[in-house]
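Have a look at these structures, which come just after this line.
Common to both upcoming complexes is chain A, partnered first by chain B, then by chain C.
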Partner chain A sequence: MRLLTVGIVLTIVLAIISLFVGVSDVSLGALLSSSAEDRPMQVLVMSRIPRTLAILLAGSSLAIAGLVMQMIVRNRFVEPSTAGTTESATLGFLVVTLLAPGWPLMAKMIVAAMFALAGTALFLRILRFVPLRDVLLVPLVGIMLGGVIGAVTSFFAYRFNLLPSLLAWSMGDFSGVLRGRYELLWFGLAGTIMAYIAADRFTVAGMGEDFTTNLGLNYKRVMTLGLIIVSIVSAVVLVSVGSIPFLGLIVPNVVSLMVGDNMRRTVPWVAVLGAAFVLACDIVGRIVRFPYEIPISVVVGVIGSGLFLYLLLRKRHNAA
Partner chain B sequence: MLRNLRWSRPTIVLAVLALVALISVVCFMTLGARGSWDFIIPFRGRKLLGLVLVAYAIAISTVLFQTVTNNRILTPSIMGFDALYILVQTAIVFFLGPQMLSLMNPYAQFGMEVVLMIGFSWLLFQWLFLSEGRSLHLLVLVGIVFGIFFRSLSNFMQRLLDPNAFQVLQDSFFASFSTIDTTLLGVALGVVVVVTLVLWRMGHTFDVLSLGRDTAINLGVEYKRSVVIILVMVSILVSVSTALVGPITFFGLLVASLAHGLVGTSKHKYILPAAALLGVIALVGGQTVFERVFEFDTALSIIVEFLGGLVFIILILRGAAR
Partner chain C sequence: MTISLVFRTATAALALTASLALTAGASAQDITVTHPQGETTISGVPEKVFTIDWAAFDNLNALGVEVAGAPGSNAPAYLAEYVSDDLFNVGSLFEPDFEGIAAEQPDLVIVAARSASTYPQLSEIAPTIDMSINNADLVAGVQGNLEQLGEIFDVQDRAAELIAELDAKIEEARAAAEGKGTGLVLVTNAGSLGVYGPDSRVAWIHNELGIPSVMDDVEDGDHGGDGISFEFLLEANPDYLFVVDRDAGVGNEGAAAALLDNELMHETTAWQNDQIVYLDPQAAYITMHGYTGLMLMLDQVIEGYNSAE
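Coming up: the complex of A and B.
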């Protein structure tokens, strides 16, 4: 518990740093001496605070989505970007942008979430053909399924001359976050809270269908709830900031090494560490090539795939 | 059953494939041609040469890589080799600086890239394959994640170099068969010819190598030496194809699986030419169809990725069911 407090304090410190990093000068002195209409204050309210909030929300909810997914698929190595979920959400967003460009963002997000749900359901369906549930085969099939869905998406994007915008959406990047453009991410917080409330159910569901039914829980219903949380979070993050690969894989695995697999205990950890990790990566991305920015998905991609390799090649991988 | 044994199934398949390949080449050169032939022949000829070289390089490198690793699912590009080439390319620019590079001859640069590529892919191979007790699925997954890692790392370095050139940098991650880098065509041709000669001289060992390490050693093949040579050649071929068109993950897998399915034997005498011819048919024929009939341009690489991904999922699920 004390450690968790340290984690929370660390996240708050990072969040405060994040408020003051950027091209436009926003220092504490400038803020105190300026009135509400001045430039530093405006930058803070319009850009920095929304950006930091978006990072906190996206980071924690994506990490939670990964955790939920790992529980219901019963595999350590799945998360939205290794199960075709992110790619399906991208396809859905592209389809709705093509067919109904005038719809509000909220409606587009719902369509993307439906596609994400369908894509994840397809993934689970394919997994039924994997008889022994080979631990490594599951993410392998997921990544490939994502590749196939991604090819369909780029085909249509190419056909309708949307390839550059597709690349822009799917590249996770917080630099475009302003007030009024991130609020959908609060749905991610709702997902996190839902995951916390249903944590015990997911823990039980993680032990298998027979065990769950024995304990008097409706296995199907728990699975559906989990899938809905994962799909909504993936769609919301994709629509607001783009995709952030491997986040949902790295954070829950690190937490599971630290505190084990009881989801009631791991949910707060995963949420806090997810937020802190994305904050740190975003700050790095903003500082390395100052005054330019390196998008978060590139930074997380390097660190995330590196850590994933480490998890895979550890001598004794005690995978699920 | 065919009475005449000289016309066995593999021979017929090869003959048919050669014919189809020839037809696609002719169509590629002639369809929709307007204007003077003096212009068209060198213009399309150069593109054709590029496509044929890429098809050949990918097909041969994939089949031989599968022979060495003793496996029909692994291919150099699935193991991240072409992403590695892009990383090497980026790293050279990153550490030497763009100014230094503009002074350098493109051939010298390509040579340096190939040498580094051979070194790194050998290390990667050594590390992944020669340590004991790693399952196939772990290897494939690690290879794929290595690919993602190399790609993110090159992306990161390219952004450090020039944050504004976003669009330009995206190009190097997206394969395109319609814009082939023609400056390297000559040297690529030379390299491919040399590689072919080297492989030709050791061709008799391929069938034995595909029986596995222990059997190959028992039958008197210098296992380690042969594997090293083949791997070096594979790295060179991957460098050639990636330098010409960019990374294509599944083309090799597609071509090699089709070749195995059509020819029905695993003798390299038949598999290698069949894979190369299939590659030519897919690239030249496909490009003709897309350019002339549907008027799409880069769509071919997207469709190759789509089909290849499906084939991969099917192969791996079938393997799991067994």
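Coming up: the complex of A and C.
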């Protein structure tokens, strides 16, 4: 518990740093010496606070989505981007952009979430036909499914001249976040809270269908709830800032190493560390090429793939 | 007897071929075109011309040369009226229909920029020239291409006219921009912003029109420009913003305008004085090496400066 407090404090410190990193001069001194109508205060309210909130929300909810996914699939190497979920959401977003470009973002998000739901359900369906539950086989199946869905998406994007937009969606980026342009991400918080409330059920469901049924739980219902949380979070983040790879994979795995697998204990950890990790990466992305920015997905991808490799190899080593 | 007849026919045929070749060589002068990927000799004025580049189509069209084949998709909207249905579809920019082109036996194939990499294969099928241009010296490149095409198709007068018109238009834009402060070329893509610098595909705004850039060290991430935030725009605060809207594909027209319509942008000079110029997205991103496209953008720049007064 004390450790968790340290984590929370770390996140708050990072959040405060995030408020003061940017092109405009928003130092404490500038803020104190200016009134509410002056530029530093305006930039803080219109740009910095929304951006920091967006990072906190996206980071924590994506990490939670990864955790839920790992519970219901019973595999540590699964997360929305290795299960076809993100790719399906992207396809949904592309379809709605093509067919109904004028729809509000909220409606587009819902369509993307529906596609994500369908794609993830398909993934679970395919898994049933995979007899060998090898730890690495499951994410491989997911990555292949994601590849197939991604190919369909690319095809349509190519045909309709939308490849640049597709590329932009797949590159998560917080640089465009402003007041009024990130609020959908609060749905992610709703997902996190739902995951916390239903944490015990997911823990039980993680032990298998028979076990769950024996304890008197409706296995299907728990799975469906998990799928809905994962789909909504993936769609919301995709539509608001673009996809952020690996996040849902690294954070839950690191937390699992630290505090084990009881989901009621891990949910706060995953949420806090997810937020801290994305905050740190975004601050790095803002500083490295100041005043220009590096998209968050690049920074997370570089650090994340390194960590992912480490986790994979570590597992191998233990098994051998 | 039979043998001698055959022999005589053969000799006659040979003589005929030789004399034909001679006359062909004598009447239409061969033109040797030097281009970025080598030299190509074109004999006579080509009649059946294929282009795998919309900017080249644009230039040929402006010169009044009839084009027989063009890419099957992505024709810029401002060229749509000139793209007839009887055009042979040469395939896509990156993947031309080599077999189809070989079967059609065109007199000349033009590649450039995106299709330049197909030159080695195409040059084995038909006389092919590469009309790629260096973005850093774009206007001179377009004019050079017009001149070259004028020579190949024997329409030098028309080419000279177009070159003069382009010069006049540049001069007009230059005069309009004179003393109006700094500019910045912004590229918007699905909610993200990038800036184009002095070496990019829109460098002519700075180089040719003399509009000072608000900064001179943009590294230009090739396609999307350097990633920036709205804060950056607020602080750099250029007097004029030139916007390349890459979302303006299917039904997404106005995406850039919607993106820029926000609280931070409302604080900038460009927004407050209505000094934001939206460049034709296809001309700015795909066919900036074409005469019509360039003239279109120059007109948009001129209009932007004149309407702001």
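By our rule, the second predicted complex is superposed on the first by the 314 of 320 C-alpha atoms of A that agree within 3 Å, B and C clash if a C-alpha of one lies under 4 Å from a C-alpha of the other, contacts with A are read in each partner's own complex, and residues count from 1 in each chain.
Going forward, a residue touches a chain if its C-beta (ideal position, glycine included) is under 8 Å from a C-beta of that chain, and two chains touch if they have at least 3 such contacts.
As the structure is a computational prediction, the values presented were derived from the model and not from experiment.
Taken together in the superposed arrangement on chain A, chain B and chain C clash. When the two complexes are overlaid on their common chain A, residue A:107 makes contact with neither chain B nor chain C.
After overlaying the two complexes on the shared chain, residue contacts for A:129 are found with chain B alone; chain C is out of touch. By the touch criterion defined above, A:145 reaches chain B but does not reach chain C. Touch criterion not met for A:16: it reaches neither chain B nor chain C. Using the contact criterion defined above for the overlaid structures, shared-chain residue A:309 touches chain B, although it does not reach chain C. Contact with chain B, but none with chain C, is seen for A:137 once the two complexes are overlaid on the shared chain.
Of the two partner chains placed by superposition, only chain C is touched by A:42; chain B is not. When both complexes are overlaid on chain A, the residue A:24 reaches chain C alone and has no touch with chain B.
Using the contact criterion defined above for the overlaid structures, shared-chain residue A:288 touches chain B, although it does not reach chain C. Among 166-174, 184-192, 202-210 or 220-228, the region of chain C with C-alpha atoms clashing against chain B is 220-228.
On chain A, the surface touched by chain B in one complex and the surface touched by chain C in the other have residues 159, 164, 167, 289, 292-295 in common. Interface of chain C with chain A (complex): residues 73-74, 189-193, 195, 219, 223-224, 226-232, 234-235, 246-247, 249-252, 259, 262-264, 267.
Interface residues of chain A facing chain C in the complex, by the touch rule stated above, are 22-24, 39, 42-43, 46-47, 97-98, 101-102, 159-162, 164-165, 167-169, 171, 173, 175-176, 178-181, 242, 289, 291-295.
By the touch rule above, chain A contacts chain B in their complex via residues 77, 126, 129-132, 134, 136-137, 139-141, 143-145, 147-148, 150-152, 154-155, 158-159, 164, 167, 245, 288-289, 292-295, 298-299, 301-302, 305-306, 308-309, 312-313.
Note for the complex: chain B touches chain A at residues 135, 137-138, 140-142, 144-146, 148-149, 151-153, 155-156, 159-160, 163-164, 167, 170, 249, 296, 298-299, 302-303, 305-306, 309-310, 312-313, 316-317, 320-321.
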